[in-house]
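Sharing a structure with you now.
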């Protein structure tokens, strides 16, 4: 059931005639077997987005020739590109607070091979989830965030990240607003789950406010973290039906089931290099 | 397939012990056969809501005794109540502009017996839908709303409503903000469809703004009209998945399918006396 | 956040005038505060179903009077009834095999207080999930089922259940067909999750068959176990969209997310006494 | 809002290295501007599917060179291909019986420009929908199907189709099983809507049977018609939640809303050349 060894080529460039032909010709010339190909021309930005999955053994020992070929094209077409080797596992760091539902879900999926990555550590501002994390054999770092001196805690967080050098950071209901410098450093690589259907109910206590407004559906949103709280590019959203019979505590309970899957889908898409950021929006090749 | 003749008793009162027993005892004493019963205790407001459907022929000629019985209880329990006779059709007036999807949908459902009411008239600020409305044998009133002098048009609208005396008014994508006096007059009896998942994207051009925000689901919301635009009690909402492949014009097209059903469900629930307003929220017994 | 102490009265009887009045009158006479009330008249069977949640402290020390009152009514109205005390936790036994997703989900919810019960044991025909179960402090019983001699294993299962005397049995992807005698013994108290949208794809390998049929949605179904495999009363179902891009292994992965929530919702509804069986169907008061 | 003039190139061939490069190179050599590109490698059949939308004015007067280029590639790669000109409207014939919901929906969408085609005629075995069809200015052909002599009616149907030569035939709740010869003649071009979530409840009275089985979701399925009733390749499906409160007549009513959109989505996808048939399954590029 293990996924085959593949290369994933992702690229962005100003849209113009010939880009698919040129890249496809390069891949074909190396006898590369494309198992999945996705393209998108964004009318607003005039940008072109492309993702190709190629069987590694079809390229064989010509990987350097492949890279050289892309570099040659890159100048011509003004490409931003990356070639990902699925044999090189991405390292992620998870942040959590006291709520366990998202963290338990991600760890369970990771343990079962649904998320192809290494979990370098779980960082939390509370001790409560240490046992669960250690059950999965993952280092747990307790870094308290004291209301009176958050800066000290965040300094420690920044140092831990400096040490861990993760490819991506996942905020699994961390409940703390990270300082701009950390958001900046992980721009496009830090994913949050917000417990509302954004842009409704940005900020604190979304379920309480959803209850007060009397909405008939509640939602959750996973997005890349930017300095503007809850305003980063949206990766995935989903909703669940509620009614007058549900109190705020029921919305919280029902919402957990949406938060879990919405975050997990976003993390999986990100790890599989399916998500491209275009301005404040995303392209997600599914 | 015609629905049987029924009485629908709806009531609201401060929640206290004995209300269900007292009302049920009254119905039983008249040999009333309850086909559907719904109750809700609202913890926030401390109010109790009740809806009972009773076969008309089980009550037979004791209908006055029934009303007298309820009146007797009403004082005691501080009831607001109404007894609806399904044989007396409610009269509704539909408002539309140029977009035909909601109007066509409601008229088709009405024609097929899905909406148990009389459509007294369709009022529109454009002539475009006259032929469709007259196909269904319904009077079409063209009342233009001139940007420079909206007051004149709205005065005519108010007079038309004064004449028609509808039980309910449905804004089927009317696209005009009615004056406060009309909203007031039809408080709790005027239903609008807003083409977004409220409270996201209140006001104008919601699909354009949803596109710009890059949401992954679009929605529609039916709500009672209040003086505060798009802030009235929500009756029904639904959503549809969209992606980076969809432009604003696609959101508009896909949104129509949600608007249609969300408005139709709200109208049907209202006509069947299933919707209760509690503050700025609704209880919908389904 | 702990739920208040309540009594849950559930009853079924031939539908006739006066039953709600009589029961409500009894509750009111004891000053019982009803927090949730549900009624259903089943037109097919002519049966009436009722569920009332009553605050325990409103009844106080009159609980015996309450029971006596119901007993008096029962004869008259031919009631089947039960009075559940939420202070008396139900005991459940979970069955699993190798797949961990449903079991992990149920144990996590139970641990977080979403499922109000005691988990007496997990029984499995494989050792694989022992560590996860023991992490939650729950006894794990390994009872192998040998293809050549299933009877021996099932005999052991029957003895274990005899010992444990659970109120309900949950098959969390157990993958074994239990003998009729065990199904019979837990009739209406044993819940299974089937990994298809029943009645489609009953029996083995539903995802493989869904893939071969080219369906555009896959589903999962939780139902009470009867002697007829996958034909018992359905409690809950849900679906997930798939496309030509998904192989059988993707359907299996995506299906897990549906199985999890569909089983969890069924178990929660059952534990809260919200599910009534009527012939081969269920009434679920939500 | 009118869609731009485009060419749509669709092709299928045995999967092998170089096909995308070769076709893309051809398009680029003519300066063709690809606005949408989709590819799929089917692991089961070993076939490759491709759809490209190209702005017509980017190709200009080189359309014959384009065709010649594809013909040259076709032999080499064993292509089945078609080049569709969106300026040439496809002609469709709709079949209906007494139920109006699907027909009204398709005609309304067509009238509003959502379905890019010409409706040549509506054929029905009942007169009931004549007025609705003629309102839209479409010829209505009444061809009765007499139980005692269905062959005579179907002979007339075959002759009408012979005359009309439609590109596609849509069965909008026609409720008659067409003879194999007609199914054969419109293989891959005749779309039906079945009022269940196939493969559940194939054949007659699916809502009644869904009610009897006590399912918690009902569905609808659009599929290409083959000689095996309700077993053709599925194009689209959707579902709606139901409960014990719904009788068969409610399932029929709620089901209409699903049938409408499921059929409309399938027709639109077919008209836009987004649907490819592979064995008994479909690839739908959305």
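As written, the chain order gives the labels A, B, C and D, with residue 1 at the start of each chain.
FYI, a residue touches a chain if its C-beta (ideal position, glycine included) is under 8 Å from a C-beta of that chain, and two chains touch if they have at least 3 such contacts.
In this text, all values refer to a predicted model and were calculated from it rather than measured experimentally.
Peer 1: So which chain is farthest from chain D, going by the mean of the CA atoms in each chain?
Peer 2: C
Peer 1: So which one's got more C-beta contacts, A-B or A-D?
Peer 2: When A-D is set beside A-B, the one with more contacts is A-B.
Peer 1: Counting in whole Å, what is the centre-to-centre distance of chain A and chain D, each centre being its mean C-alpha position?
Peer 2: The computed centroid separation for chain A versus chain D comes out at 37 Å.
Peer 1: At what distance in angstrom does the C-alpha mean of chain B lie from that of chain A?
Peer 2: Computed from C-alpha means, the inter-chain centre distance equals 42 Å.
Peer 1: At which residue positions does chain A touch at least two other chains?
Peer 2: Residues 36, 245, 286 of chain A touch two or more partner chains.
Peer 1: In their shared complex, at which residues does chain C touch chain B?
Peer 2: Its residues touching chain B are 17-18, 20-22, 24-25, 27-28, 31-37, 39, 41, 58.
Peer 1: Using the touch rule from the top, collect the residues of chain D that touch chain B in their complex.
Peer 2: 1, 36, 100-101, 104, 108, 112, 114, 131, 135, 245, 249, 253, 257, 261, 286
Peer 1: Can you list the residues on chain A that touch chain B in the complex?
Peer 2: Per the touch definition, chain A meets chain B at residues 40, 42-43, 197-201, 213-217, 219, 233-239, 243-245, 247, 278, 280-284, 286.
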